[in-house]
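Below is one structure, written out as structure tokens, with a few remarks after it.
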Amino acid sequence: MGADPATFLRIEGITRRFGQVAAVDAVDIDVARGETLCLLGPSGCGKSTLLRTIAGLEAPDSGRILIDGEDVTALPPHRRPVNMMFQSYALFPHMSVRRNIAFGLERQRLARAAIAERVDEMLALASLEALADRRPHQLSGGQRQRVALARALARHPRVLLLDEPLAALDRQLRERTRTELAAILERVGVTCVLVTHDQEEALTLADRIAVMRQGRVAQIGTPSEIYDEPADRAVAELFGTLNLFPATARNGGLHCASLGLSLAAGTDHADAATVAIRPERLRILAGDEHCDHEVQAHVERNEFLGAARLLLLRLPDGATMRLLTDPRTRAEPGNDVRVGFDAHAVRVLTQ
Amino acid sequence: MTVRARGPARFGFVTAVCFGYAFLYVPIVLLVLYSFNDSRLVTVWGGFSTRWYVALFENETLLRAALRSLQVAVISASLATVVGLAAGLALVRLSGIRRALLMACFGSLLVMPDVLIGLSMLLLFVNLDQLVGWPGRGLTTVALAHLTFASAYVAVVVRARLLQADASIEEAARDLGARPGQAFWLVTVPLIRPALISGWLLAFTLSLDDLVVASFVSGPGSSTLPMVIYSSVRLGVTPEVNALATLLILAVTLGIISAGLINRWVRRSEG
Amino acid sequence: MKTPAFVRGVALLPLGWMSVFLLLPVAILLRVSLAEPRFEQPPYTDLFALAESGRWAFEGTLQAWRWLLEDPTYRDALLGSLTMASLTTMGCLLLALPMAWAIARAPMSWRTPLLLAVILPFWTSFLIRVYAWIGLLKPEGLINAALMATGLIEQPLLILHSNAAVLIGMTYAYLPFMILPLYATFSRLDEDQLQAAADLGATPWQTFWRISLPLAWPGALAGCLLVFIPAMGEFVVPDLLGGPESYMLGTALWNEFFRNADWPTASALALTMLVVLLAPLALLQRLQRRDEVVS
């Protein structure tokens, strides 16, 4: 493995076993300076264990953690230049907001004035000035989240760890807080590893996403790469509903009966594969419109979703297909329509 | 409450519950009432009087024993809180053989008959005294014995509270640069303060209450309050003891209520 | 995170304390039980003596243990303890079942005061609570006075200084230990399960016997052990409320120690008590470990 000069945090072959089960299984990830990497996956996929390993709260069975070239694997949590925002926020209930934020600075034996100055800076950053003397239980969920973030940022961590930063908030608050969080992270410019099971959170906050499954990294890439070019069916299914059709090998290429579609070979796909198309990549074609590929479909249901319209279509061979389109589209159930899609909208997936 | 007995079953059930509470409280209530009885006889109400309280405060033996018991209780409760805190932490954080050993020791201490604890403590003290000339037999040995069994109760309370607490709070302290000891003192101890307070109170009461263990390990001239009460009770019902009992019950009730209020206050100020 | 050095360091205090104050004394009990009493300090003989040959000789004796086996008084004490402890356990269980159930099913705001009312007597002096029964039970006491006033009896019942009085006193003293674990399990029962049973046509009694009780048996067993174990060694209650027939292990041990100054026999009795209690103690530990796994 050649050391990429841009790499700031290097996770090298980290394995963490609990009994027989490897919660994290030989994971390698490089994170660039200032980058926000998101570990995405269902609960139990090992993403939190990996995060805790970076923080030093879990000791790996093998592998190394390097920060800016320095091996920190053996360092206990209190000597690592990383700070974490816990899922429960883990605010100290017996301390005011100010004391919570000052806690980490006090451990560094900074001068009192320097601590006060940095705390004020953090309070301003997280818009908490008016709440500085409150206790955690006197704050709303969103305010607590900001205290936890300010507390974790106060020590100028070289890597900031966020464990499900928005999971403790209710749905309505989550979106607004997410925007605030993104703004703060951008302003501070800290290298950041974030754990979430929420794909929307991952897509909006991350520079790169590492999709984790059963302790391993299934795919790593930018949000648009992960969304548009999923490595396999499971990764694809993480992000929204997907139309999947079986395809078989024929004449050295692949043939999908449902869409009446033949694809050239040249890929390493074996004799059977799945063809995937996202619902929003399908279009209903007007009389004279044409597309790379076209297929006839029968409208079964028409659901108005507010911002969009979802059509449930039946294809000539009996397979169903979802199509997401403009809410003004007219397609009454019972009618036949012509559906078109571009060549690059089609993905061939293994498994 | 949707599953409810009806008719005679319900009546029987309510009767059983009322009987249970009456069983618990009638003796105590009567004791309090008769401490104000002018007559020496339990069956006769001789009119309201506070003469037994006057007699109580003139009884030097009782008062001196009470003072001794308070001394022992304060010291043993405070030390038991320290040992119990360490034990509670160890029970939650340790694993393997050491944890099993601690579980067995503290679990047994909770239920072990007093005579067994008393005799084994005494033999230990006698042997220690032979070997190193310490601790003799007196208030020191009583305090040591009390501290030992009371620490088991403190450990139970501390352990329950630690299991309840959010483990990531201490981790957060470590993550923010606190050494393990600092994280414990600055974050975990304040977090379980209510448990430490109620553990201390429990240890204090147990020490104040103990007759059997103290009888074994105390020496001449170091009789505790329960020992003095016991010897006078064996001679028959003495109204002075009624008065003393009433005062003790009052003290305990006030103690529990204030502990409850402190707890509620702490919880409210910490969410 | 592996157990940090700090925790291992802190654990030394309780581990060391228990080794010195609990485990070591058991060894000393065994040693003293093999000695003979004597009128010196300490009041028991040495186990090893320097013989004339210049070698150490074992001087221990099984006399105290032989004593225990041969003298029927001790067997009666053991049987007395077993009987009274079992009866006390049953008495507590019978009284505690409806109370714990009522508290667990009471409206939320009632539970804490009701529970506190159970715990409060536990915090007041054990000795004084036992003493309170003397005034109630004696021939000219309140219970007899009340019974005679209502004309139910003509002669006062001789309850005090009998096994009945001991049973009442012990049940009274240990009742909270039964109510608390029972309450804990009852309150953890899922209300939906009970409603489902009712919905499937079970009467409240059937629900209690078929659903609640089978689910609550670990709590009931824990309560029984919490009462049985200390009751086996009870001394204060039989001494104050009992009569000559209320001879129990605790009383026997107390008498050997304080009246006869026979430390070896007292130690042998203490070890006997410990051995009898080992199985219940182990069972209690297992229940607690199980409880931990569940919660």
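Chains: A, B and C, in written order; residue numbering restarts at 1 for each.
In this text, contacts are C-beta pairs under 8 Å (C-beta built on N, C-alpha and C of every residue); 3 or more make two chains touch, one makes a residue touch a chain.
In this text the structure is predicted, and so the values were computed from the model without any measurement.
What's the farthest chain from chain A if centres are computed as the mean of the Cα atoms?
C
By the contact definition above, name the pair with the higher C-beta contact count: A-B or B-C.
B-C
Please list the single chain whose C-alpha centre lies closest to the global protein C-alpha centre.
B
Measuring from the mean C-alpha position of chain A to the mean C-alpha position of chain C, what distance in angstrom results?
About 58 Å separates the centre of chain A from that of chain C.
Can you compute the centre-to-centre distance for chain A and chain B, using the mean CA position of each chain? Integer Å is fine.
54
Taking each chain's centre as the mean position of its Cα atoms, how many Å separate chain B from chain C?
16
I need the residues of chain B touching at least two other chains; which ones are they?
179-180
By the touch rule stated above, which residues of chain A touch at least two different other chains?
Within chain A, residues 57, 76-77 contact more than one other chain.
What are the residue numbers in chain C that touch two or more other chains?
4
Given the complex with chain A, which residues does chain B contribute to the contact?
For this pair, the touching residues of chain B are 166, 168-169, 171-180, 182-183, 186-187, 190-191, 193, 269-271.
Show which residues of chain B lie in contact with chain C when the two form their complex.
Against chain C, the touching part of chain B is residues 1-6, 9, 13, 16-17, 19-21, 23-28, 30-31, 34, 41-43, 82-83, 86-87, 89-90, 93-95, 98, 101-109, 111-116, 119-121, 123-124, 126-127, 130, 144, 148, 151, 155, 179-181, 184, 202, 205, 208-209, 211-212, 215-216, 226, 229-230, 233-234, 237, 241, 244-245, 248-249, 252-253, 255-256, 260.
In the complex, go through chain C and note every residue touching chain B.
For this pair, the touching residues of chain C are 3-8, 10-11, 13-15, 17-18, 20-26, 28-29, 32, 42, 95-96, 98-99, 102, 105-107, 116-121, 123-129, 131-136, 138, 140-142, 145, 172, 175-176, 191, 194-195, 197-198, 204-205, 207, 225-226, 229-230, 232-236, 239-240, 249-250, 253-254, 257-258, 263, 266-267, 270, 273-274, 277, 281, 284-285, 288-289.
What does chain A use to touch chain B in their complex?
Residues in contact with chain B: 55-57, 76-79, 82-84, 86-88, 90-94, 103-104, 107-108, 135-138, 151-152, 155.
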